[in-house]
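The two complexes that follow have chain A in common; it is paired with chain B in the first and with chain C in the second.
The block that comes next holds the complex of A and B.
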């Protein structure tokens, strides 16, 4: 599988993302610089975490208009799978490949800690190695992860089973206390309608190696690589 | 030619920074403050003849995220 990880000035999680894939495949993904206008043939495009363009204007706003993104948007719209994590999720929102918005955390603090996520839809090529309702422990590290969606968007997300993960407690209960950043309905990650694009604030790539702690992000990468569903 | 663009969060969108500002004003003794909303102001120096419609496009494409933000355009007199 050809994987392209897009690197912007200020991106800092691309190596972690690369390792999450290469430790399973034995192959290094392509790292593609944002100024390139040609994207190598890719089965999966990854927008990794970091602080692209220093988070100027709005997180992800500048990256969304960089040269390579035209190509990424084009490919995404033609069905190439795209994974956006953290700042990558913010870019998917800014390019409107995914609906809603990501606001400053309700606490105004940068949050860096382990959270529990309840898997909401496993009938997708990103999560078929998990079961609906499975709880995974993965870290978050963000200042602007407060997912916002109006009633219409929420209804559409529900109707099309687009909610991928919700913040929950260790038993899988979706509670206010388990919501780290004030996200609407504890939403931590969403799909597009076709389930070919996944954007999420937490970092599953940082739960794939022994030295990182729990390996509970791994099933996502196994799902992506085994590509059924 | 100067153009000022004001970008503010839409009504109903939570503004944690505005909340913090309003709390801080209360703790300074300004009891009359009911609410605070924070936005941003962008001053553009544009070519003579730039139309409001062109600035509008700048707002829609980049300066504002219209899912959560409103914008106001003011041309300097």
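The block that comes next holds the complex of A and C.
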């Protein structure tokens, strides 16, 4: 499978993402510089986490206008799968490939901690190695992860089963206490209607190696790589 | 926006102020130093030259009060690649790789402007490390704040933590640990000590030394503005009420630019183009160009018109003294300029050839069509002042009678433990750690935090895997200022011993330290006695433990209105564990395991947290550090971990044995039955005797046999059990309840001030 990870000035989790894939496939994905205008043939495009352009404007807003993004948007609209994590999720929102908005965390502080996620839809090429309702433990590390959606968007997300993950407690209960950033309905990640694009705030790539602790981010990467299954 | 300038639109620039003794005083010169500048030049200095002498001879840059004593520190071992004198220390960690690390303070700026002060402190130390060709892989920090009840403390905690978080997170370098303490002695001078550890290939390490005549001098990074002018001089003076007015001398950080600078430098370093490189930190362009000239035994001609500038009508004085951040100076191989320019500009950074090296050992500056400075470099550096400042005999804290300080009437061990575990110095730092990205780069194994925040669980030192190997680095920062105040020599020893212990408790071999020596005004004999005592203690411990010093930073004048901080020589330690899977962590793993105490317990209560928190006194002798016992016990613990006999391990420090056990109990809510020891007094449970560890094992016999064979002092404490710490039938402490108290103090304080 051809995987392209886009590198922007200021992104900083592209190597973590590379490690998550290469430890399963045995080969490094392509790292594509944001100033390039041609994308190598890709079955999956990854927008990694970090602080693209320092996040000095709205997070992800500058990156959304990088030269390579024209091609990324074009490919995404033609059905190429796209995974955006953290800053990458913010870029997907800024390019309007995904609906809603990501606001400053409710605490107004950066937060890095392990959270539990309830898997809401596993009938997708990103999560089919999991079962609906499975709880996975992965870290978050962000300052602006407070997902906001208005009633109309929420209804549409529900109607099309676009909600991918919700923050929950270790038993899978979606509670206010389990929500690290104040997001609407504890939403941690969403799909587009076609389920070809996944954007999420938590970092499953940091829960894929033995030295990182529990390997609960791994099933996502296995799902992605075994797309045909 | 301006870039380079060839003519000012204001002629006033050409009218430099007259050099007078009053101006000398404002620049921090003593009358003798003032005269020496005239003697070296054989004439009246220009204002620009005067400014250059003043920053180069500031305490911050010249180490004039400390240099004589720093020589007493041991700096050699077969694994040391670079000791003191370069941007950072370098040690051999095997496989052709090197660890590059240093700790540096940003105390004065952080007190004045906590967010930017702390942020640029973190930025500065990372730059020191990547200047040498290393990719930073971990940051830690040591923070000291004033009394929690002091009106400024909350504001400072929140600003400093946000600043460290803002800069480190954006750089994508994990902040994996550190220490935070509170004491009224820091009310007017907080301490922000930041340490960065990086990894480099041994054959790709870059130094400031090595330049020859007739090579191009290149400036890269951010443009130069008027920020931070005289930052180094500010950091070399005491504070008074009007220190807030010094806010404009605090630099402003831009972590995004630094991230670009990091990637651009490391990319350029893959090419064979850089001869010598120096970051522009304290005293900016002055210090970096003089360092390169002095270390290469050459001269430097700079054309300041070519320096990328952020503001109009800047004077040479301002350009040379600006401490604008995220800038580097390097000497390139002639002919490599365009290749280098392409790489730097790919990262959207400024690149300018601003001068050439010469063979006449002079620093010459031209701008706006005239010469502003012509200083001989050797005397500027070699004849900088050195002082053997007077010390007075130290008034050591007298001994107390430990027997008078058993539990106060009506208090149980449980009450005392609860008070201790929720006191500011032992309460959970989760509120702080959660703001640091401790996981980015994906190599964090353990960090000294708690399960919820950190990679998998806490250990006494942060464990960060060396990419693509089985090995990991162990990193820690340590100091017990109250011991240093009571007895500077023993306190200095203790800081090193605790660092050695924290690394050993994970199973790693301690290799070398960097230090950050924070003290008051060295012109006061009492402070000088503290400084010298601590250095000699550090020297003695580093020598005996084969744990040499690779450099560091000295921060003096941490004093406001004559009130000095506690002597705080922070030790940043680095070690290596050959197989990270064997590294030991703090939490008890399962019920039914046997708990042992390594090391001798006499019950030393002097200067303990127990005395301070339970009896409300800060007195007594500092605990004595037996370096032989430290060495033997640490080696024994490392061997046990290597042999796979240890399931959890924690050194005993603040709060003593019972606090250590509580910390081991928290994460998995597994407690301990210590009922064999119902007869013990408070000194046994809370004494702060040194060279001790608590560990658990599933093979008590093997452990006991080894201890007997090696004549190690071993005490059987009891067994791990579910949910409580139990000492006899009458005393049972709920872990859940205790952990809640421990976790609540800091967030509650930050929210309500109580």
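By our rule, the second predicted complex is superposed on the first by the 227 of 229 C-alpha atoms of A that agree within 3 Å, B and C clash if a C-alpha of one lies under 4 Å from a C-alpha of the other, contacts with A are read in each partner's own complex, and residues count from 1 in each chain.
Just so it is clear, contacts are C-beta pairs under 8 Å (C-beta built on N, C-alpha and C of every residue); 3 or more make two chains touch, one makes a residue touch a chain.
Model, not experiment: these values are computed from the prediction.
Undergrad: Tell me the contact category for A:103 with respect to chain B and chain C: first, second, both or neither.
TA: first
Undergrad: Give one of first, second, both or neither to describe whether A:113 is in contact with chain B, with chain C, with both, or with none.
TA: Second partner only, chain C.
Undergrad: May I ask you to decide whether A:9 touches chain B, chain C, both, or neither, giving the answer as first, second, both or neither?
TA: second
Undergrad: Is A:135 touching the first partner chain B, the second partner chain C, both, or neither of them?
TA: Neither partner.
Undergrad: For the overlaid complexes, name the partner, chain B or chain C, with more touching residues on chain A.
TA: Residues of chain A touched, chain B against chain C: more for C.
Undergrad: Would you sort A:73 into first (chain B), second (chain C), both or neither based on which partner it touches?
TA: So A:73 meets neither chain B nor chain C here.
Undergrad: Considering only touches as defined above, state whether A:57 meets chain B (first), chain C (second), both or neither.
TA: first
Undergrad: What residues on chain A does chain C touch that chain B touches too?
TA: none
Undergrad: List the residues on chain B that touch chain A in their complex, please.
TA: Against chain A, the touching part of chain B is residues 12-14, 16-17, 20, 61-63, 65, 67-68.
Undergrad: Can you list the residues on chain C that touch chain A in the complex?
TA: The touching residues are 162, 165-166, 169-172, 254-257, 259-260, 263, 346-348, 433-445, 451-453, 455-457, 465, 472, 580-581.
Undergrad: Per the contact definition, I'd like the list of chain A residues that touch chain B in the complex.
TA: Checking each residue of chain A against chain B gives 57-58, 61, 65, 94, 99-101, 103-108, 146, 148, 150, 182.
Undergrad: For chain A, which residues are in contact with chain C within the complex?
TA: Where chain A meets chain C, its residues are 9-13, 15-16, 19, 35, 49-51, 53-56, 109-114, 139, 141, 143, 203, 205-206, 209-214.
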